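All chains are identified by letter, namely A, B, C and D, in their written order; residue positions are counted from 1 within each chain.
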């Protein structure tokens, strides 16, 4: 029986981080993960109400975890990682923190799965929205090249050997998986434009309390935001090789804690029948454990994929056989973040893709 | 001082009907409206739990109204209408009931504002979704011609003299008002298609308890439904003179009690600047009391128009000056139903358009 | 026709303040109220995102108000009050601000209705929870004596001539109005204890974003807080002359934006019949416009009183005729705050108690 | 390695039944459970929209389960049970169905865990609320005696050998576990009365769509119901040996899908310190895997126990050392139903109490 893998996670106190910690804690091939926290500029916010040094307990922040003896989170240090012989590091940190930590981790021979947007983008103009400089450092430029975009259904050939996996954004996951089969089959009339009208629960906005995440602002409400300027647009365009002027992405805030539904609009370049469209999806995702293709006319709903690692896909084709509406759902904290990170780890270590995710 | 108008309402026990009753009860130019109920096949459902004849009290069904001595609802009869010299009849009834009552009302010289879909559609293929036969009767065909689509911002010239006003659908109101200015200015590239991705609160689905309106089905959820088949598509196409194959309408169910937000996508046929687009909206709705145009980049949210009769409009234009996202919000029970009905009445009787709606 | 009253409001940018501004703006006996804001330590919070001086527009903070030309809010100054000859000042400010402003206002001959907890308590041990010193100043001690607790149903004799009205707390309103009739009739077995298990929507916690008011913390959740230590306990005990050791008050946070329901438990000192209990309530509140007594077995629900100034009261008596459960509902922003303030103003100026509140 | 247990479940199409099916499907000591459905008067409701005979698929009713090949549900028959050698039968059926099925199952030597209220009550006056006749049959009377109330923390000595386990009600679980330690320690002043003010999510009201479970009725609302008449009162009184006249139970409906919080009020018969109260709880539940005692002053919240099998207990003691507020939370579908049923099965077959529940 092989030794269990030694992992660490930085940023378990955020929403994605908590989900990730819970998944890692019960994964059959892992040692209990080392949990770490940045003490400045990192994953800590004053509203969490704990002091800036010393060990804290994850169960104090999320009492749902209490009753099992506790989950200590130590201040981050490279020494702690070395002492535990950590082989794989998960970062559930802001992108600036990831940008700062990854070069050193890679230099020390530690593989990294980064849940932030720090390493997802190859093109400078897309990285600009994060404020990264192209001239950050030679290392940063090299790592940007080296990083593998961790969408297992598209990149399962490159993830196993990756040193640095850039875990996709939650919205991007829902949109890319909806569009990839049709674009791959070259049946989309790209000239007429592609639109993703996406809707997310509030945990996607992070744990920081703001007037925008105040209960009274969100409940009984619904709103669009960041139209034409959301950070996930770059990922979608790069991964799907879209023309920026032929794509529109509109995110909206749903009055629910978690879940994403993207309604994606494409025009087909030839008349198709519903069965052909369905076959296109089924063929593309044949053997993919974490994508469920719904038989038309049934459509996914957010509830169906909540608390699972599934991306659910369905569609509705107009009578003219040209206008096509795709519906894609993911749990933003699982397939859209922590679950996908575990799926990537499973690929990186040659384990079954569903290990630790059922 | 002129005598007050005598009105009646059938169907005050539904969600739109209740809002309408509340508006009529406090309207300064009206006598206390006569409230009536259909005792078979009409606005009554067994779940309301009241007997099928005799007078009931609206405050028993909606206790929010209690404490004022009561609002009796009598069984419907033409005799009751005649006895009270009712001049204007509001129907907040299912479309079949409206289809059955309107010809006789018109024949008796009573003007009608109908909140159902019974008289909104001129074209037979659109009426088909309601199951109406073209050969219903000569009267029905004549009334269909005669009916005025009661969207005051577009039809303020014909509503004042209308005998029968077909009050628009809630979704249709939000979509038509968003698109009318740009289509009127002929700046839309219709060939590339127009898409409305619309989201509604649950009161839009009516008061009948179903597995779809069960709290547990709706809460923490979000879903698309009736893609390419919603009844409001016909209204939108007819009013805006769209080509059916160049329009997509996708309704979704929001986990909130009321409110509609439509995200509408159009491509412009020439490059425009945001200020031009804003001017197009401001010019079109100049002097219109119940439309608010938001200055870009601010966008309407559902909360802003709740419990008001406003249609709120905003937009976001891409840097290329071609891709345009419109956001339109209404309270589905007010501007989307009862409020618009009162606005229509104000026009029909020459009153200020805001009377009874502030 | 008498001149209209000149009023001012400080703190319109909070939830209660907004409701109050809306009520005052449409009250028939008032001039447009002067709206003021404290620029330090007052009603401003950094999250509102506006600069610390100069005039702002209430419609920018609450876009629901837009479309009417704007509602300017000036920085607070005594000069502004004098210039406008303000006769009545509403304070929707934190209690420290109210504590600071009221003595000067009274000295200038301006009457005050204060919505904070600053002047509600006569007994030093109750004031202690607010951190007030008994020796604040002679003026403060005098004003504390002079202040009238503004619960119109109990103090309608003293409010008309009051100089300073301390508007009751939202929870306190619901609890006191539920208990007053039975205590007044001396049918309560005080020895066995009185318990109020109260539940409030999130607007009661204020507009400041905190981890506690974050949507993800509140949605799908329910929790008790401040058990035995909530600030409203003192008001309830003082107004009802309860023994502190024979009363328990437990507030809870509901996942809704607004509304309070208090379930109040008392034991009767003699066996009673439901009709007697109902008569006790009806007699006590005879002629009181803003209390609705429900006929047993119907009980109030939060929805019934939302967006109204009613306090709804109902009860359920056990078969033994001794164990009594009272249910009391108010909208925390109306009867629990702004609506009650307007009701107090109506009494202070001899107007009909329902003026501006229908 | 011992053979796996053969089980069956009737009623997997309800909310508790679905949770139970999911737990049984992944329990390590079980064969895939046989899923059965009653075709008349049983667990089927017309709103589920499936035909009354033939096999259906659980994943069609709950699409969250799709993607795994399907979970067929057969029409109920004793032959099916015999053919599969079912040893343990779970009933997630209405109490009438349970009342009808259990005698025959027991006669055939099949052990039963019944999630309904059919067999929980020993005293005829409590059973009366279910409409059961004392003279049902000799068998029913015998089975009533024989049935073990399946609250593992209290009855772990009798459950292992039980033939028929009556799984407790969800509310009853939360209330009994909160009160048992203090009553057992005889520190409660029973004469002053015990009150449980309990609040439940909507799944507790079942899957049948009614006007009461309509989203618009529940959202933004909160209400008390069945005061002094809820069916769970009998269980609580019997299990805790309370005097019916010294207990009040008030259920309320929360606008959330699942979760229960009970706020329980007791007076102590001697002055105690918080540490003593906490010790009383810790001692009583020492070694109990599925009860978490919170250290004062932290209190449980509904979110903390959602999707777990925990009953969370906390308390707050007044300064006088006499007035005590207990807070108890369970997930009504897990510890309040399906999870507790699995916990009972674990005890009946000598397995670890946490098997299949982590």
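Things worth noting here:
We take it that a contact is a pair of C-beta atoms (placed from the backbone, for glycine too) under 8 Å apart; a residue touches a chain by one contact, two chains touch by 3 or more.
Keep in mind it's a predicted model, so treat the numbers as computed, not measured.
Considering the contact criterion stated above, the chains in touch with subunit A and with subunit B alike are C, D. When the interfaces B-C and A-C are ranked by how many C-beta pairs touch across them, A-C comes first. Subunit A and subunit C, compared by their mean Cα positions, are separated by 46 Å.
Separation between the centroids of subunit B and subunit C, computed from CA atoms only, is 37 Å.
Among all residues of subunit A, those that touch two or more other chains are 217, 219-220, 255-257, 300-301, 303, 306. By the touch criterion stated above, subunit A contacts subunit C in their complex at residues 15, 47-49, 202-203, 207, 209-211, 213-220, 255-257. The touching residues of subunit C, when paired with subunit D in their complex, are 192-193, 195, 197, 199, 217, 219-225, 227-228, 245, 248, 250, 252, 254-257, 259, 261, 263, 265, 267, 299-303, 306, 316, 318-320, 322-323, 325, 327.
Looking at the complex, you find that subunit D touches subunit A at residues 26, 63-64, 66-67, 219-220, 292, 294, 298, 300-301, 303-308, 310, 358.
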